[in-house]
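In what follows, chain A forms one complex with chain B and a second complex with chain C.
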Partner chain A sequence: MSTVNSSMAEETAAPRANTLRSFNFSARFWVSLVIVACVILMSLAGFIYPTGPAEKVGSLYDPPGNGLLMGTDNFGHDVIAVLMAGTRTSLIIGLVAGIVATTIGVGVGLLAGYVGGWFEELLMGVTNVVLAIPAIVVLILISMSLPSSTIWSLAIVIGITSWPWTARAVRAQASSVATREHIDVARLSGVRLPGILVKDVLPYILSYAVMAFVLQVAGAILAEAALSMLGLGPSGVNSLGTQLHWALAFQAVASGAWWAFLPPTLVLTLVSFGFLLLQASLDEVFNPRLRRGKRKQMKQAAARREEEARLLAEQAADPAARADPGAPADPAASGTHQHPERSEAGDPV
Partner chain B sequence: MKLGRYVARKTIWYLVALVAAVSLNFLLPRLVPGNPVDVIVSNLSRGGSVTSEQQQEVYESYVAEFGLDQPLWQQFFTYLGKVFTGDLGTSFAYYPASVNELVGQALPWSIAIQLPAILVGWVLGNIIGAIAAFRGGNWDRSVFTTSLFLSAMPYYCLSIILLYVLAVAVGFFPVGGAYSLGLTPEFSVAFLWDALSYYWLPFLSLVIVFIGGQAVGMRSMAIYELGGDYVNYARAMGIRDNKITQYIFRNAMLPQITGLALAIGTLVGGALITELVFSYPGVGTLLFNAIAANDYPVIQAITLIITVAVLLANFGVEIVYGIVDPRIRAAQSGEK
Partner chain C sequence: MTAQHSHRFSISDGTTRRRFLATTGTLGGAAALAACGGATGGGGGDEGEELVGVGNNGEAGTGRSGDAADQLFIAGFQWSPPTNFNTFAGAPAWPASSNVAQYVYETLLRFDIVSGELLPGLAASYEVDGNESISLTLQDGITWHDGSEFTADDALYTFELGKIDPGLGVASFWTEVDEMTADGKTISIAVNSERKNVGAVLAQLAQQFIVPKAVFEKVVEETDKNVASWETDEAIGTGPFTLELADQTQIILARNEDYWGADFYGGLPKMSKIIHPIFKSNEDGNIKFQSGALDVMQQFVPQIWKMWESGKPVGTYLQEEPYFVPGSVPMFLMNATTPGLDDPKVRKALAYAVDYASIAETAMSGYSSQVLASLIIPDGAEDQWLDRDKATADGWAYDAEKAESLLQEAGYAKGDDGIYAKDGQKLGPWTMITPQGWTDWNAALKIVSKNFQDIGVDASTNFPQQAQVTTAIQNGDFAMACWYVAGTNPATPWQRFSDVMSNVDMVELGQTAYRNYGRWENGEVNDLLEAAAAAPDDDSKKEALTALDTLYRAEVPAFPLMYRPDEFFEFNASNWTNWPTEDNDYAPPMFRGAGNTWIFELKKIGE
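Showing the complex of A and B:
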């Protein structure tokens, strides 16, 4: 049986009754929100946690126990305290770098897309050149040349190396918005360039900018971790990257001290996964074309479709096929098992 | 017509990018307060094993080699001349070893670990992604979620976990390095067999991440194509599902092939930290040691090689695309 045809037809099924529902925060959205919130909460918990990250509470790699939930790291510091402080640093770096990158990216993209002409060529030329050079290379070179790196300098450096893809995407959207009529109206009524950009173009790409920001934050946190592990991290501060750096440098993995390296590894994974998922689900919220029906509605629609197909088959089939009463019911049952998911997968993306 | 212009235009842009990258590579380390030579010589003297005469000698040889007594623009041309003749300079930390030699030792390890991982991961990832898209159902959901998780996971995190679980906790694989202590790299059966046992774990961690990324991409491309007008049309024409699957597969493959080319471009710099985790003697470990020792020539050489590889891969993809797909050339003259 051809399955994909029917999945297309069922798109129209199950209209949404209530307007709040139409905002359709998927389960994925809530999952990602909970992950991100947990990470943020954990980073804030460092403020009320009794032990400080620089307090020596034991010796090299004390195993968990003895009042220490996660043992000690190579310096004899409490792993949990270090993890909380490190997560906070990483989040701050991510946030600052994300703001810097998104601001530059959206600014350059807006200007290039709206103004057009040689100015656009110039800006996009610069963007493409910066985009072509791998960011990690520029990051390594700049952080190597800084006399001392603080979390702020690191955040800004990460920010100014990661804006180009945002700029490129924003430019494409801004230049399509720039041709719309309300822009002409604004221009004729004498609004200046910054006014038009902020009030008439920006709102149309705001949803995109928010998603880009989320991705930038996640990217910056990972960039910081990579740099720190290479030995270019912020000096004298704990971050998820420096925690891993020291764990690797002091052979935590080889000596089996899982409590020293597993927590930052897992938090980094959670941060990365949570932010990516958040971005994907925001995409679904903002972009109606990506929205998938609720699973329940899909199942109902599939069941309805199966029912219709069964009726049709019964009408068309000769009485001999109906002699066995189990026969028509069986494929329908196994069908409902398979088809709802099929239709979800068949949704246009 | 436009093919020539398209190629010329792309060539110019990539040349500009190359010049920008080389300039950054040259300029940034020279912004270090003092200069790298001062730093390294003072480090040497701190060790105490070097007499002031030797120190003076080392200093002068560095100054002469980098042309630090010349004005900046002249230094730049000295640097350019050296780079284009393939001379990457002399290492600070392993003086008088040449950087070419150090990189030459590290590069084969990096390529040996990455190229097979990329190719295997690419093939498996595409097959899994396509099957997930075509079959749908729970299969699709589990594959998609797993792949999304794997591709979202920082690749070194997976390496760390695999290293701990498979090597330290279970003891399946040796813990780190590329070959047993006491062996020297050579092309003998005994050495290669030994190296293979160290090879699996880093290989596995790279392959898994790569499969995840490819599967996610292939799945969404295939699903996108499944909704295409030509699919509906083909079905309406009564063309068999197998044939349609072929059409879809071919169309969905195009971006995946780009992905492969770009992945091969990031070959050198792609697994810096994985190598670090497994203490695999590739470019990543070399870079790590160079950073720890302020070995600027080595760092510069590695960043240069990474950049050139990435630029070449991007350039190649764009040129091939321009030749294969006329729509891209047309779009290029409209936007930039």
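Showing the complex of A and C:
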């Protein structure tokens, strides 16, 4: 009883300053957003950069200088121009592969989770089998057997090998949603399966799907880099992976040409770090249990709760003093009052 | 006979022969440094005595101490733990793998890639009678590592193995040879009277390791004539070294103190052991090489000049670009059965479209000289057969505008998509293939693809696995490809003309071809090839080869993209000097064939 009281008190005591704050975007969110935005801007900057990525401006591994900020790669191309074009390709591949993987994963998960029964067993059986095979092996085999590799074929291949974990997670959520009352209402009112899935089940797991999508994009960019480094990348196109592939093939590390392999490595690290951080901060936005306030707000709230607790304790103490020495009431009351303080103290900031 | 390895320790006066045009740019400094061929010994060296055959910067090291000072460290031939030293197996370990180095096994003759000569090996001399027969006279006193005597029977039996087990590579000897007999120390070979291809026979004589009959007779019995399946950790040869140890990390050869050739080569090899450490990757070996832990190797090092520019006593045979003597030609193949590519004018336009200098500079790291429109390598052993003026006059060079005007002359016009087409037949989209991981070839094709796109021909690259590429090329299942043809050997350039152009035994698309993968058809090429093979003297041979080269330039069934060395030959003079170089050319820059000469001539620093 008293717990409910205190939590209600907490809610009223911390007024919402504005709507943005109500989403509780953390600093992590903004940092990740800036990183991702920077990478996207850099990929677009390639359109206005004066040098093309296939323009020979120097010789094999010219060091930085002479008007070239990052020197040349093994083809004598400007590393910056190649990096911009490569980032663009990698982002496109990540985006397309993310859409493909999330669509398949959410579709399979929704159907399996909602329909249930043997159909669920079948779909999840297939999913488990696919999950058990290392995706990179399948990826390499499919890429090798393709007659020629374009960024689209590569994106789709990555997409269709990385959906299983999304499907499993979505199925778990969908089967929980499927037991709720509003589904029964929808079913009784004669809505068909696709309608229920899209209008009544999907919205409940949409936040999860968005986060899964962000993770898929980051995963796809890394998968592209791994494949391209093995030489299975898109032909005739620059990507972060192909850039690393050529640096590796022409022994940039051994020849000390750091400008050939460090920039794509950094961008790759940044882009996957940015997306993973974005996913983690979105998780906090969507999941109230993971929400953390700002230190100042939390201190204020803590102070307010302490004040309220003191008042409550006074109220409780008064009748207790008036009534007969009913000692048992005291520990219970103090325990209840101390609870929010304890949780406040234990909360990591 | 001993004159073949005459010593030339003369010190360069700076006016060295420069047979290669040095390109301008980053290399100017290195070239200037390298112009001085001699060097005074580094710290531990003999004061005052000029050393030759040292790093391209004129530096030499101070020598190693202890046992390692007497050992030669070599790399670039063995990349996995050695498991089998049967020279006839699929992938035998170094140095039993055929035609790599004459340290354990030797050949009858030894080919010199620079002079084109066939030097004596196990055979002291050879004589060619027209194009009908070859006779060889064996050296005196040759013994096997186990002490038994080497006889002509051993040589005969080695080639006989090709008849016993037709699956062996040596079996191809018998397509060119009718009969091989011995009389005492003289071996007579009757060249196939229809093919009359003396060059191919000599090439085999210079490449086939001679094995002991006593050992292989038993092998034939034990393996039921499946010699390739035999596994052994022993290698009994006639060479100056014996196999001492082979494990996961290294192969060690020990000097054969009873070597028969001590008189012939003027002494035993200077090193007591040859050690081949086994590396996981090129990088590992390159780092060890730079530090002087390896003396000589056959590995691709991008921008090797950086090593001597940074003061390391690293050297190559040539002091200037391309540093290595060209010995093979990666060819750009075009499938003549593909619509569009069946037109010689289109093929010639494509040959004009390629930026060869860019390929040489970046893909080959500068290790290729200027490509000439010829199937004859314009240097070293083959130079004598080349009509250079004719090749320059009616050949091609990089000229994108000329390429486009050739296409327009041939009736092609640019469509809305910027791609040339004629009667609805577009030039492309075509895919050009070469095996994944052949990095210089991959990079070269990437440049070619861009060159083609630039003039309006739609072509993209694809790099499948080697086995896949081999099958596709042999079956004619490709539009464009980069592939190898015969490298410099006693049978080239004839062999290369045959590889690229021969219309003998043409096979259908989908069936395995072993030459002319582009299925280029021509009525006169077979006669020209026959005439060149059977040419009785050098003058008529050159004339016949020039006729072939002229036909090649008119039809362009394929064109060279760059030159590659037969073997990369890089040395680090930190413990040994007197390496073979252009100014100290007592031996060619080789490991195989005539390349064993230098192991008898190296000089230890500090001695």
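Just so we're on the same page, the second predicted complex is superposed on the first by the 276 of 349 C-alpha atoms of A that agree within 3 Å, B and C clash if a C-alpha of one lies under 4 Å from a C-alpha of the other, contacts with A are read in each partner's own complex, and residues count from 1 in each chain.
Convention: a residue touches a chain if its C-beta (ideal position, glycine included) is under 8 Å from a C-beta of that chain, and two chains touch if they have at least 3 such contacts.
These numbers come from a predicted model, not from an experiment.
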*Answer with first, second, both or neither: which of chain B and chain C does A:137 touch in the superposed model?*
first
*Of the two partner chains, chain B (first) and chain C (second), which one does A:147 touch, if any: first, second, both, or neither?*
both
*Would you sort A:272 into first (chain B), second (chain C), both or neither based on which partner it touches?*
first
*Is A:128 touching the first partner chain B, the second partner chain C, both, or neither of them?*
first
*asked:* Which partner chains sit in contact with A:250 here, chain B, chain C, both or neither? Use first/second/both/neither.
replied: second
*Would you sort A:308 into first (chain B), second (chain C), both or neither based on which partner it touches?*
neither
_Taking the superposition on A as described, I'd like to know which of chain B and chain C A:59 touches: first, second, both or neither._
second
*Give one of first, second, both or neither to describe whether A:231 is in contact with chain B, with chain C, with both, or with none.*
both
_Most chain A residues touched (candidates chain B, chain C)_ = B
*Once the two structures are fitted together, what part of chain A is touched by chain B and by chain C alike?*
144, 147, 231-232, 253-254, 256
_So in the complex, the part of chain B that touches chain A is made up of which residues?_
13-14, 16-17, 20-21, 24-25, 28-29, 31-33, 132-133, 136-138, 140-141, 148-149, 152-154, 156-157, 160-161, 163-164, 168-169, 175-176, 220, 223-224, 226-227, 231-232, 235, 241, 266, 269, 272-273, 276-277, 287-288, 291-292, 296, 299-300, 303, 306-307, 310-311, 314, 335-336
*In their complex, what parts of chain C are in touch with chain A?*
25-26, 282-283, 286-287, 301-303, 306, 358, 361-363, 365-366, 431, 436-437, 439, 442-443, 446-447, 449-450, 460-465
*chain C partner contacts - residues on chain A that touch it in the complex*: 54, 56, 59-61, 74-76, 144, 147-149, 231-232, 235-236, 246, 249-251, 253-256
*In the complex of these two chains, what residues of chain A are touching chain B?*
2, 4-5, 8, 120-121, 124-125, 128-130, 132-134, 136-138, 140-142, 144-145, 147, 172, 175, 222, 225-226, 229-232, 244, 248, 253-254, 256, 258, 261-262, 265-266, 268-269, 272-273, 276-277, 338, 341-349
